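As structure tokens, here come the structures.
Here chain A shows up in two complexes: once beside chain B, once beside chain C.
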Partner chain A sequence: MRAEKQMKKNKKNKIKVSVGYRIFTVFNITLLILLALSCLLPFVNLFAVSLSGQFAVNSNSVSFWPKDFTLASYQFVLESGQFLQSFWVTVKRVVLGVSVNMLLVIPTAYVLSQPERKFKHRKIFAWFFVITILFSAGLVPWYTVVRATGIMGSIWALILPDAVPVFSMLVLMNYMRGLPEELQDAAFIDGAGHVRTLVSVILPLCLPSIATIVLFAMVGHWNAWFDGMLFMNRVEDYPLQSYLQTIVVNPEQYLASMRGSGSTAIQNLLNFVSARSTRAAQLFVAILPIMLVYPFLQKYFATGLTVGSVKG
Partner chain B sequence: MKGLKKKIALLLAMSMTAAMLAACGESGEENPDNEGGQEQEEAIVDGKYTEPVTISYAVKADAAMKFPEGDSYDDNVWSRYIADELGINLEVAWSADGATEAYSNKITMSIANDDLPDIFSVYYGDYYEAATAGMLADMTDLIEEYGSDQLKEIFANNEELVEACKIDGKLYCIPQFGTSSELNAQFLWIRQDWLDAVGMEAPTTWDELVEVARAFTTQDPDGNGVDDTYGIGLSGSSPWWGGIASFEGFAGAFQAVGSQNWIKNDEGEIVYGGIQPEMKEALAAANAMYEEGLLDPEFMTKDVETVIADIYNNKIGMAFGMNYAGYYPLLTAVQENPEAVWKPYPFVSATDELATCSVWWPLDTYTCISADCPNPEAAVLIANLYVATNNDETPAEVSEKYVYSGDTSTYMLCPVRMTASATEFETYRQVKAIEEGTMAYEDLVGVYKTNYDAIQAYLDGDTSQYGYWSQLGLEGAAGIVVDQYIPNNQVILTEIHGGMPEEVSGEVGLIQAAEIEYYAQIISGTLDIDAFDDWVDEFYTLGGDKVTEVVNETFNQ
Partner chain C sequence: MRKQRTAGQKATLSGKDAEGAGVKKKKFNKSALPLYLMILPAVIITFIYKYIPMAGSIIAFEDYKLTKGVFDSTWVWFDNFKYIFNLPDFWNVLRNTFLIAFAKMIGNLIVPIVVALLLNELRQVGLKRSIQTLLYIPNFLSWIILAGMFTDILSPSSGIVNQLLGYIGVGPIDFLGSNDWFPFTMVATDIWKNFGYGTIVYLASLASIDPALYESARMDGASRWQQTIHITLPGMSSIIVLMSLLSMGSILNAGFDQIYNLLNPMVHESGEIIDTLVYNLSLGNGMYGPATALGLMNSLVSFTLISLGYILADKFLDYRIF
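Coming up: the complex of A and B.
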């Protein structure tokens, strides 16, 4: 045992780092730093813009440091009723949406992870779900269904149409199939039913995978904007990302949408254009919450996804 | 497994067909039923309902709209006004953002589901589709019957537009008349202080314009000691937006039809302006300026916002743009930099003929009334009220409430609206009349007085009123149209009366994108000038034939 350890140590010390490897490492690190910067710098710029004066922003002279420093934009955001209201809609949506997603995904995945001999028509049911990934009916039927179910304009229109994210379900299902079947058998022998087995035995083992799909669901709900614009009946009820869409259109687009009103639209355009730094502030505030969630869930991310797919 | 897949596919296909059949059946049953209007006739006394009626409408929301405390789209100055004056209770069916796709998507879905609000506004494609599907109320007689004299006068003044709106001889909308088409013409905007600095006059020919561009590039007109200025501003990525940094002035100098407009050729056929030989000359001229360094070497990738930033940074002193450029973006340039004075001038010509300017159709929004609405005449009453409230002679205290209050455009809250006349031209005429002593200041009323005062305020040193001066003042853009463009027939109206037919919208999108790319590459010399012929080929490859055919079928009868 001791000798073995010694040998390991020697071996470790003796590995000579070749020149080629060193060059590779330097390149690798530089490349990754550049990549990281290219992701990070736009945010820094956005942040700087949000803290800068109007003219400095409009004349494109803000890069990574605020010019004519002002907190006016953030004051505007905090006092803006629409921003806060939309923020609240999104928070509600994420909490409700993720709960509904998990409530449906976990039992579905559990049932579909059962082997064929325990669950006879497993494949038919599995295909029933998979087909929804492969085919979609398109915009009009989607809208028609939501309208016919009478949830149009309510928060449920943002949650129910995608209540079962099938891809997440498959990830979790594969993870569950990777667990030893004996665990379940043992639980049954001890007298547990399916619900008990799922809650007390399977779920605790699936935490990494569940963390992953929770993150998927959260980010998905947080970033979704199209359904909000389509299914909400009031602009005041737009979720945050839909609302942000309405304020980040560029002046050309904005004016084109008002072409019919001729030069009378100019006053509105001026209001609109002068809001560039407040737009930046709103974007920045909207990014924050989801950015804060990432570090806490990320550690599960890699294991949760790969373990499931490799073994499945 | 395979068999199963097939079965499921079959099942899906069957259910889809069934759904489609059902949908067709539904819309087939819908017949425009305007008889309801007749029963209500006695219910309207002096243009007001004796028994209040409820009308739902779709709100095309504007992110820049600000409401006073307690107001909303559901309850605001216009909804109360309409309820009090007309006995019509407005009800918001839904609201969706107008600057993004949200509103048009929602309208498209409502048409597909036959679930339209009573009043809503659309662009041409949706108007045509809904009207031909029998989903819109026929307004032809209702306007005759219920329209006020004022409203009928506006319709009479815009007869050409009204005729173009008609489908099978019937008017299925209340057109949202905007500004007059000539006002969509563009101008050569120049920094007067730079002209003075280089000791030159405003150009009257293309050669003179190139001279000025050369002087602006090389003679350091802003006097900062750095060689950082360009001759003329041009946006390579949106050359046809028109607000500023447009290519239209290059095209117009060679009598080419730009702005992606269509014209009638000598054979009476409607053709695309962007592939005509005149455009090749315009591109060659722009290329020559580029080669000489008079254009920003990076113009190709610059969108309008970036060019505007260059204007704010005193890098550009000349650009082609609309009459309202003085409000946006030049107002900021003038306010931030007290020396800067941007002035509009007419286009200059490179040939023996006068320069031309092509403009788009001035009407693109149509207020429609659902065929299911039991009181379609309510929309006409609202239109009556709107034109009575927002016209040239509206006193300031009324317009402050119903047109603009503070910096909020309250007029946009009215579901049926239109601009009565080209106020800009009339303002210019009155300003000129006062200058010449044929009119007294005391005779000014309504918006004309407001405008006149704003122009005077700028002349007295209030730079925040610069926009009014540059648009409506004696040397303003409106005056150029009235005194030169209109009498000389320099404005060329596109032959696309309304909007591009929906069936070719895909091809049109591809063509327009390809055009912008080709032009930018030709101007920057990446492609030889003879690549213009490749572009013409590309136009046909992308479906130009089909588009031309459809355009001629639709607009050339």
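Coming up: the complex of A and C.
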């Protein structure tokens, strides 16, 4: 339909923008703005609820602007102890986890980026890693092995089982293969070994790619929840997302459990918060760190989108 | 992005040229021993946490008891598989899984392409960038956060979505609590989470189409629509085919993170999927053998399709992962 209209207009006037296309443009801009709003407004609503008073929230009168503005929900979240405790566990896991990821991924990518005449078994080892993304072992054997290695309940249970992110490794490896081989040969002539070449010559050139995979690893560790739920025996050791998992779907139950336990400050705050506003506050604090790295994510993540290459 | 792609292409080329240049460069060869040492830690950890569990899938043929371990549990061969096929729920679960996963696959393929094409028509650079920035937000948030958010905004009694629908005289709709709506909600929210990210892939491929093609089409009097049909879409075809091939493996992957966190007793019938059943059987009910059998079947199907996808991509598009 639209095409026909446009074709007609185009015959009449080739240089000016056709009326049909103008109508399309208005329609297009409206649609795209609506789509963009659909990605933003849920969070605005969540934020507004988290800052609104108990009565306003319970009477469903909060939309995109806080009503009866109060910080009580945030106070409640910070006073309730477990949230901060879990936040801290997550910070630890992100720092430790990303470091371990990089310490394993960078040398591996370097080795696998070597041409076959320098590293004869390149293909075999590459397949060794790639197979793990093609075939996933089941939940029970995985759980059993993690338990058997004796790391259940410690922070290592959140780090070791996925210590080698294969996708990131492939992204970095392909990036390294794009560097001129002469760089490495020059370093060898100057007497550098593989480790020295990697650290002083190759790594500085890979910083954009490394930024990408560091960001991926950070977001991955920040968002992981299943391993915490499976491998942590005590709720106090739960990372943030695993802890949130226990409350998000049923905040009423959580609020009820806080009644009668906890400090007097908590008991006082319970008179000012609602189940929905405390949940909204907890979710919002958990979103915040992602939003802080968001500009960087935007800058780098496009590079990490596609693994491999299409000749064309 | 474009820089990255050329780097990738160069990589494929240099890999092939290297054989010829090998003779000249041979004298720079260092001993390969340090290379093996550098790769060793990653190999060991991958072996322990990925390969041993793969071998551990033999639990599927045992009456596995945590107390007895893998080696001392009794062999029951295919009893666990029989048990799974005889579960009254099984075919329903398989149907749910397939329907949800398939709808997600199609949606996650088509929506980003359409959005990329629409974004590409925007001439206002600032507006285009701001819209793009907003579209990716959900992608970086976990399903825990999003499950909490959706439970709130989709609630039939207090959610903002039903309030808004109320203004236009629709609803209230119980998106997460009715069997008619639950699968649809899973598909729609999953596409909502992913489409911004997928859009980038296609925008990048749009950016790499030769502007001269559009130039000459305009000279010949082609309309925007004709340009889209005859230049833009063919220019994107290889990346579209690639994405479809690579998504084949997710045909039984309906999304555990999402569904586990949004599933509730009211929508068991339409929402239980293979992955949640595996979880409930094993860690919920201690039926480790049957759960592993079910998981193993799922993994084998996915493995076959993923491999097939890569093989086809390699054959027809010359796509290499490494």
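What we mean here is this: the second predicted complex is superposed on the first by the 236 of 312 C-alpha atoms of A that agree within 3 Å, B and C clash if a C-alpha of one lies under 4 Å from a C-alpha of the other, contacts with A are read in each partner's own complex, and residues count from 1 in each chain.
The criterion applied here is as follows: a residue touches a chain if its C-beta (ideal position, glycine included) is under 8 Å from a C-beta of that chain, and two chains touch if they have at least 3 such contacts.
Just so you know, these numbers come straight off a predicted model, no measurement behind them.
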- request: Go through the superposed model and pick first if A:Arg22 touches only chain B, second if only chain C, both, or neither.
  value: neither
Query: Should A:Arg234 be classified as contacting the first partner (chain B), the second (chain C), both, or neither?
result: first
- prompt: After lining up the shared chain so the two structures overlap, which partner does A:Pro42 touch, if you call chain B first and chain C second: first, second, both or neither?
  reply: second
Message: Quick check for you: in the superposed arrangement, does A:Thr144 touch first (chain B), second (chain C), both or neither?
response: both
Message: Quick check for you: in the superposed arrangement, does A:Lys299 touch first (chain B), second (chain C), both or neither?
response: neither
- prompt: Between chain B (first) and chain C (second), which does A:Ile124 come into contact with in this model arrangement: first, second, both, or neither?
  reply: first
Message: Quick check for you: in the superposed arrangement, does A:Gln245 touch first (chain B), second (chain C), both or neither?
response: both
Task: Using the touch criterion from the header, give the chain among chain B and chain C with more contacted residues in chain A.
output: C
Query: Just chain B (first), just chain C (second), both, or neither: which does A:Gly193 touch?
result: second
- request: May I ask you to decide whether A:Thr132 touches chain B, chain C, both, or neither, giving the answer as first, second, both or neither?
  value: second
Field: Doubly contacted residues of chain A, that is, touched by chain B and again by chain C
entry: 60, 135, 137, 139-141, 143-144, 230, 245, 249
- line: As the complex stands, chain B meets chain A at residues 1, 4-5, 8, 12, 16, 19, 59, 61-66, 72-73, 92-102, 105-106, 109, 112-113, 115, 176, 178-179, 183, 238, 241, 243, 303-306, 308-309, 312-313, 323-324, 327-329, 331-332, 336, 362-365, 404, 407, 409, 411-412, 419, 424, 467, 471
Task: Spell out the residues on chain A that touch chain C in their complex, using ranges where they run on.
output: 2-3, 6-7, 9-11, 14, 18, 21, 24-25, 28-29, 31-33, 35-40, 42-43, 45-46, 49, 60, 63, 103-105, 107-108, 110-112, 114-120, 125-126, 128-130, 132, 134-146, 149, 160-164, 169-170, 173-175, 177-178, 181, 185, 188-189, 193-195, 198, 219, 222-226, 230, 241, 244-245, 248-249, 276, 279-280, 282-283, 286-287, 290, 294, 297-298, 301-303, 305-312
Query: In their shared complex, at which residues does chain A touch chain B?
result: 55, 58-61, 123-124, 127, 131, 135, 137, 139-141, 143-144, 147, 153, 229-230, 232-236, 238, 242, 245-247, 249-273, 275
Field: chain C residues within the chain A interface of the complex
entry: 1, 4-12, 14-15, 18-19, 22, 25-26, 28-30, 32, 34-36, 38-39, 41-43, 45-46, 48-57, 59-60, 64, 66, 70, 115, 118-119, 121-124, 127, 130-131, 133-138, 140-142, 144-145, 147-149, 151-153, 157-158, 160, 163, 192, 196-197, 200-201, 204, 221, 223-226, 238-239, 242, 249, 256-257, 261-262, 264, 278-279, 282-283, 288, 291-292, 295-296, 299, 302-303, 306-307, 310, 317-322
